[in-house]
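Two complexes are shown next, each including chain A; its partner changes from chain B in the first to chain C in the second.
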Partner chain A sequence: MQLLFYLSALIALLAAWRVIRGVNAVHALLYLIVTLLAIALMFFMLGAPFAAALEVIIYAGAIMVLMVFVIMMLNQGDSAVGQERAWLSGRIWRGPALLCAVLLAQLGYLLLPAALASGDAAAVDAVAVGRALYGPYMLLVELASMLLLAALVGAWHLTRALKHRPREEG
Partner chain B sequence: MAELGVIGLRVLSLLGLLVVSAALLTWLERRLLGLWQDRYGPNRVGPFGVLQVVADMLKLLGKHEFVPPFADRPVFVLAPAIVLVTVLLSFVIIPFTPAFPLVDMNVGLLFFLAMTSLAVFGILLGGYASNNKYALLGALRSAAQTLSYEVFMGLSLLGVVLQAGSFSLGRIVEAQQELWFCVPQFLGMLLFFVAGIAQSHRLPFDLPEAEHELTAGFHTEYSGMKFGMFFLAEYLGVILVSALMTTLFFGGWLGPVLPGWLWFVLKTTAFVFLFVLMRAALPRPRYDQLMCFGWKCLLPLALLNLTVTGWVLL
Partner chain C sequence: MESPGLVIPVEHGLLFAAVLFCIGLAGVLTRRNLLFVLMSLELMLNAVAFVFVLAGAVHGNADGQVMFVLILTLAAAEVAIALALVVQLYRRRRSLDIDSLDGMRG
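Let's look at the complex of A and B:
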C-alpha cells in the first residue's frame, strides 16, 4: 500500500513536470489529467474515497474536458508550439523555482518527527463530508452557490439572442 | 498468492465474457433490426449467421492500420484505448450475483460516474488528433452532449442513493428486497435511461456520429482495430447501461425460483433488446433540440425528482 502511494506520488510529480515543460497545449493537458488521476489515487489510499471520486468526476472529468474543448476550438498549430518553446527558456523559471523552494521547505518541516506525531488521519466517507458541508460550513456552501448562480446568469446573458441586446454604438 | 490468482481468474473470465457478449451483440443487433424492418439480416455464416461475428473480426484484424500523416500520432493511438478501458473498468462494480462484483466499493456508483466522465476524453481526443473537420465537429458535439447529460445522470441516480442509503451497488440491490426501485423512482429510472442512451451515443442520441451530416463523426479517420475498439466500446456501453438499469431499478440478481445470475442476465438482455428496438424505431433529432431537451426539460425533472424523494424520506 505504501509502495503504491509513493508510486502514484512519483507519477503525479513527473506528469506535473511534463505539464510545465510541455510545449504542445493538448499534450500538456493530458499530463495534467494524469496528475489529477494520480492525486485521486493518493486520496483513495489516504482513506478519503469520496474525495477521490469527486476529484476524478469534477476536476479530471468536467473541468479538464472544458479546457480541452477550448484548446480544440482555438486549433493552434505548430506556430503556437514554437512560441511556447521560446517563452519557456531562461529567466522565466526564477519565480516559480522560488515558490517551489518555499513549499519544499514547508514539506521538510512537516516531515520532522515532532510535526508527524501531532497529525491525525481518519477515513472520511460521503456521510461525513455531507454532515460537515451542511453543518458548520453551511454559510460557505450558500455563498459558493450564489457565486455559481451569478456565473450562470452571466453566461445566459452573454448568449442571449442578438435582437434582445441593446444596440451597440458604431 | 492463491488469493491473487483467484482475483486474476475472475478478472479474466469477466473480461472474456464481456468481449464475447459485446461481439455477439453486433450480430444480435443486426438480426433484430432485420426482424423489425421485415428483412433477414446476416444469416449466411454458420447457424443463424452467428459466425458473422468471427468474419467481421477477421476483416477488422486484417485491415491496414492507417494513421493519417496529419494526425497527432500519440494522441491518435491513445484515444480508442481510453474509451475501451474506461468502459471496461466500469464493469468492475456491477454486482452480477451477491458473490460476484469484482469490487464492492462504498463509492461504487461514483466510480461509474467518474469512468463515464473520463470516457469523454477518448472521443474528444480522437476527434482532435484526427485533424479533420468532420471528426472535430463530431468530437465537439459529443463533448457538449456528454457533459450536459452527465449532469442529470448523476442527479437522477441520487434518488436511488437516498433510498438505499449507500453508493455501493451491492447495498442498493439488497435495499430492493421489498420493492424494486423502478416503482418509487419511476421518474429517476426514465431519466437515467435517457441519459444512459445519450452517454453510449446510441440512436436517437447518436449526433456525434450522425452519418448524413458528419460522415462518421469522431472516428472518421480510424480504421482497422482502432476503429474496432471504438465499436466494441459502444456495444460494451450498451451492455453497461442495461446492467446498471437492472442493478439500480430492477432488483439486480433478485427474483424467484431461477438462480440469481440468470435473473441478472435475463433482465439485462431485455434492456439490450430495448436499445436495439429504439434504434429501429426512432428518428434522429436536430442537435439544438437535443441540447434544449436536456437542459430545459430533463434537468428540472431530475431536480424535482431529487427534491420530492428527499422530502418523502424526511
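Let's look at the complex of A and C:
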C-alpha cells in the first residue's frame, strides 16, 4: 500500500514535469491527464473515494475535454494535416500509455481481496461529505453556484464574435 | 506525526504537494504559451486540493473533501473564463504568446 502511494506520487510528478516541458499542447494535455489520474489514485489510498471519483469525472473528464475543445478550435489550416499524420506514429503515445499502465496495475492490485482487506477503515465516504456539504457548508454551496453562474455569463460574453461588438476596436 | 488510518507519514504527502506546486509554479513563470500557463495553474490547484484531502484524511473528517469540491468548482469556473480569454487572444493576435499583450508597458 505504501509502495503504491509513492509510485503514484512519482508518476504524478514525472507527468507534471512533462507537462511544463512539453512542446505540443495535446501531448502536454495527455500528461496532465496522467497526473490527474495518479492524484485520484492517491486520494483513493488516502481514504477519500468520493474525491477520487470527482477528480476523475470532473477534472480528467469535463475540464480536460473543455481544453481539448479549445485546442481543436485553435489548430486549423493545412499544417494541421501534416501534424496529424506525424502524431499517428505510436511513439508519442508510449510515455502516457506506460504511465497509465502502471496506474492500471496499481488499481488492479488495490481491487484484490487481500489489498481490500488491508485497506484503512478510516475512509470518509460520500455520505459524510454530502452531510457536511448541505449542513454547515450550505452558504458555501450557494456561493459556488453564484461563482459558476458568473463564470458562465463571463465566458459567454468573452467569446462573442467581434462583429457583434462594433464599438470595440478589433 | 503518525495518524492511525493513514498509509504514509503526513510529511511525505506535504512534500509531494509542495513539489507538485513548485513544478506548476515553474511552468507558470517560464512558459509563454497561454495554454501551458493554464495547465500549470491546474497543477498548482491540484497540489492545493491534495493538501486539503490529506488534511481531511489526517483528522478523519469530511471538511477536507468539502474544500476539495469547492476547489473543483473554482477550477471549473477558472478554466471556463481562461479558455474564453485564450480564444479572444488567438482571434486578436493570431498567436498564444502572452508576451504579445504588452500594450500597457509598466
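Keep this in mind: the second predicted complex is superposed on the first by the 102 of 170 C-alpha atoms of A that agree within 3 Å, B and C clash if a C-alpha of one lies under 4 Å from a C-alpha of the other, contacts with A are read in each partner's own complex, and residues count from 1 in each chain.
Operating definition for what follows: contacts are C-beta pairs under 8 Å (C-beta built on N, C-alpha and C of every residue); 3 or more make two chains touch, one makes a residue touch a chain.
Keep in mind the model is a prediction, meaning the values are calculated, not measured.
Mind checking the superposed model to see whether chain B and chain C fit together on chain A or clash?
Chain B/chain C on chain A - fit side by side.
Of the two partners chain B and chain C, which one touches more residues belonging to chain A?
Counted on chain A, the partner with more touching residues turns out to be C.
Look at A:His27 in the shared chain and tell me whether it touches chain B only, chain C only, both, or neither; answer first, second, both or neither.
first
Per the contact definition in the header, classify A:Leu46: touching chain B only (first), chain C only (second), both, or neither.
The second partner, chain C, only.
Could you look at A:Ala62 and tell me whether it touches chain B, chain C, both or neither (first, second, both, neither)?
both
Which partner does A:Ala12 contact after superposing on A: first (chain B), second (chain C), both, neither?
Second partner only, chain C.
Regarding the shared-chain residue A:Leu140, is it in contact with chain B (first), chain C (second), both, or neither?
Touch partner of A:Leu140: chain C, not chain B.
Touching A:Met73 in the superposition: chain B (first), chain C (second), both, neither?
In the superposed model, A:Met73 contacts both chain B and chain C.
Does chain B (first) or chain C (second) touch A:Ala150, or do both, or does neither?
After superposition on chain A, A:Ala150 lies in contact with chain C alone.
Quick one: minimum Cα-Cα distance, chain B versus chain C, in the superposed arrangement, integer Å.
Least C-alpha distance after superposition: 14 Å.
Between chain B and chain C, which residues of chain A are contacted by each of them?
50, 54, 62, 66, 73.
Could you please specify the touching residues of chain B with respect to chain A in the complex?
Touch list, chain B to chain A: 72, 74-75, 78, 105-107, 110-111, 113-114, 116-118, 120-121, 124-125, 127-128, 136, 139-140, 143-144, 147, 150, 154, 167.
Write out the stretch or stretches of chain A touching chain C in their complex.
It comes out as residues 1-2, 5-6, 9, 12-13, 16-17, 19-20, 22, 25, 28-29, 32, 35-36, 39, 42-43, 45-48, 50-51, 54-55, 58-59, 62-63, 66-67, 70-71, 73-74, 120-124, 128-129, 131-133, 137, 140, 144, 147-148, 150-152, 154-155, 158-159, 162, 170.
Give the list of chain A residues in touch with chain B in this complex.
Residue positions touching the partner: 26-27, 30, 33, 49-50, 52-54, 56-57, 60-62, 64-66, 68-69, 72-73, 75, 125-126.
Please give the residue numbers of chain C that touch chain A in the complex, ascending.
On the chain C side, the touching residues are 4-8, 12-13, 16, 19-20, 23-24, 26-27, 30-31, 33, 35-36, 38-40, 42-43, 46, 50, 53-54, 56-57, 60-66, 68-70, 72-81, 83-88, 90-92, 96.
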